[in-house]
Amino acid sequence: MRAVFVMIKCDLGKAYEVAEQAVETVPEVSEVHSTSGQYDLLAKFYLDDETDIGRFVTERVQTLPGVADTFTLITFNAFTRDSSPAGTRLA
Amino acid sequence: MRAVFVMIKCDLGKAYEVAEQAVETVPEVSEVHSTSGQYDLLAKFYLDDETDIGRFVTERVQTLPGVADTFTLITFNAFTRDSSPAGTRLA
Amino acid sequence: MRAVFVMIKCDLGKAYEVAEQAVETVPEVSEVHSTSGQYDLLAKFYLDDETDIGRFVTERVQTLPGVADTFTLITFNAFTRDSSPAGTRLA
Amino acid sequence: MRAVFVMIKCDLGKAYEVAEQAVETVPEVSEVHSTSGQYDLLAKFYLDDETDIGRFVTERVQTLPGVADTFTLITFNAFTRDSSPAGTRLA
Amino acid sequence: MRAVFVMIKCDLGKAYEVAEQAVETVPEVSEVHSTSGQYDLLAKFYLDDETDIGRFVTERVQTLPGVADTFTLITFNAFTRDSSPAGTRLA
Amino acid sequence: MRAVFVMIKCDLGKAYEVAEQAVETVPEVSEVHSTSGQYDLLAKFYLDDETDIGRFVTERVQTLPGVADTFTLITFNAFTRDSSPAGTRLA
Amino acid sequence: MRAVFVMIKCDLGKAYEVAEQAVETVPEVSEVHSTSGQYDLLAKFYLDDETDIGRFVTERVQTLPGVADTFTLITFNAFTRDSSPAGTRLA
Amino acid sequence: MRAVFVMIKCDLGKAYEVAEQAVETVPEVSEVHSTSGQYDLLAKFYLDDETDIGRFVTERVQTLPGVADTFTLITFNAFTRDSSPAGTRLA
């Protein structure tokens, strides 16, 4: 599994509805935060190594009602306190 | 508790050392990822509501050996599948 | 109280109307400036420590008629000539 | 008088020292905030209409010990609750 | 007189029409270039020192048909080969 | 011939259709990639030295159905393993 | 194989030396261009699907003499005229 | 001849010296302005169509004492009031 972060700008006034909807309807969602800065939300997804990330963002995230723009941040390796780094394979 | 994300640019060639060190020496770290884009790392911290986030980033993150630049992203509210949104208080 | 800056891009030609409206209708506004750069306006708000800033920006600022985009800048600590730094609590 | 905002990135770990120093030594400072995002500080200055802003930022702000980078945001007009907009002349 | 540069993003496919129109209809235009990068055009205007630049950009540039977004760059001082620097007063 | 890269943001959910269409209908296309970051696609074109690149991007790329925004990156010189650098003239 | 683009800012005046060196010493390089914009060079690499891209950029690209900063752009899928899209597997 | 704009960030406190020096020592300079925003200076150069712009910026601009960073903006076509657009060939 690979963690992918997507920063999401929403239609004006719709960020909290988009966040709730993403959590309810996209099973790959791990967490969503409303944030400071240029984007309204930061969402974290866990995707299979075989998933085409571009297609996932384009067809599964950008098509959520109220999404206006996205910025995709790919992770290569996860470092956590209780585990030695072992690539992005977390499962 | 409030989740804060810090994107970190490291001295050239040092990103993986910084990631390992952050995980080992900063107790507030929740996770660190190496990432695509302008920054080398994305780190997530959980801070007390009373913590001065600017001081934390300036004095505890920017002073890690090998850190060259930081971008701080504040979260206001966390949405997760199994919980109703309840502000950033996660504890 | 916490100072929050929001940079605002407006519908084309509407920046001055938005500025006047924000000042008249949003009690948390402290000041609004028209500015150089990517955004048309820089607005400063004072919010209670308990206010969910994301929800305030989404539901109170982005919904002003003529607002097209926002960028939120959180302050952690205020430094002024006649006072020792004391967190963002100004009241 | 014209309000000018300067976003300041500081040498690693030095942001709070720079903020205190700016407030103490630059009479044109109105307020300084530590902030989220790409820069560490947001400072507001009031300058005479005759002041060459580029020279002020270059020779008076960038030369403060601990300053690493600046971004200058010019204001054209100030809108406040208790006054009709009247250009940037506030005095 | 003060030189002001405005980077302009146009409605898709309309950049050359906007450029020609700006040159024909805005007397303050000095030159317009189509450019690489995020914006389609870079336009240079000469404005009186008394002109409210924010209002000029909002009401005279953003309202040109086909303009979609603007970024305003203020100049403080002009340096040219055959003249000693003397502020932005060129006339 | 000169290589020009154009980063393309597409209408929500349409990136893969735009990519396929660009490849099929624009003869100057060399390759198109879906990418991480702010834009959905990175396209590489080879243009004659006489081509007005601004006009090409404005009238031939921005007018493809589903394109929402573009960022143009000009190349000056190409370096490849099996050839000495020789300007952008590759043909 | 997966195409990865890295935009490279070089030590002042060193971009062409870095480009030549990258082509000569990094076997994964496919092509390098000097470019307009914020970065000096755009380099394209082909990496095995198993390669940790973050480690490659950190330890193999950032350590080239004369490199000052990097921005990594991941590709998910390649579209070319004479082939149906088939993920980033090009070999 | 082709107009090329280069935005220049200077060593702290050195912007006005760099501007004067560029005007005196680089014959291709047309004008230099100190500016608001992320960069200190905006310089305009006129280059022959045969000039490798990347090499010019790297070897002639970045090597001026006091220059810290550059951003290159290429122009494709110039529009002026008293002339029909005719590509960037101005001579």
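Which chain is which? They are A, B, C, D, E, F, G and H, in the order written, and residues in each are numbered from 1.
Here is the rule we use: a contact is a pair of C-beta atoms (placed from the backbone, for glycine too) under 8 Å apart; a residue touches a chain by one contact, two chains touch by 3 or more.
Model, not experiment: these values are computed from the prediction.
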Requested in this report: Report which interface contains more C-beta contacts, comparing A-G against A-D.
Outcome: A-G
Report task. Could you tell me which of B-F, F-H or A-F has an interface matching G-H, in the sense that over half of the contact pairs are shared by residue number? Result -> A-F
Report task. Would you mind pulling out the distance in Å between where the CA atoms of chain B average out and where those of chain E do? Result -> 40
Query - Mean-CA-position distance for chain G and chain F (Å) - result: 17
**Report entry** chain E, residues touching no fewer than two other chains
**Finding:** 16, 34-37, 52-55, 73-74, 76-77
Query - chain C to chain D touching residues, read off their complex - result: 3, 5, 16, 19-20, 22-24, 29-37, 42, 73-81, 85, 88
**Report entry** Residues of chain A touching chain D in the complex
**Finding:** 36-37
Query - Residue ranges of chain C touching chain B (in the complex, touch as defined) - result: 52-55, 74, 76-77, 87
Report summary line: In their shared complex, chain D is touched by residues of chain B numbered 52-55, 58-59, 62-63, 67-69, 71-74
Report summary line: The chain B residues in contact with chain G across the complex are 9-10, 12-16, 34-38, 40
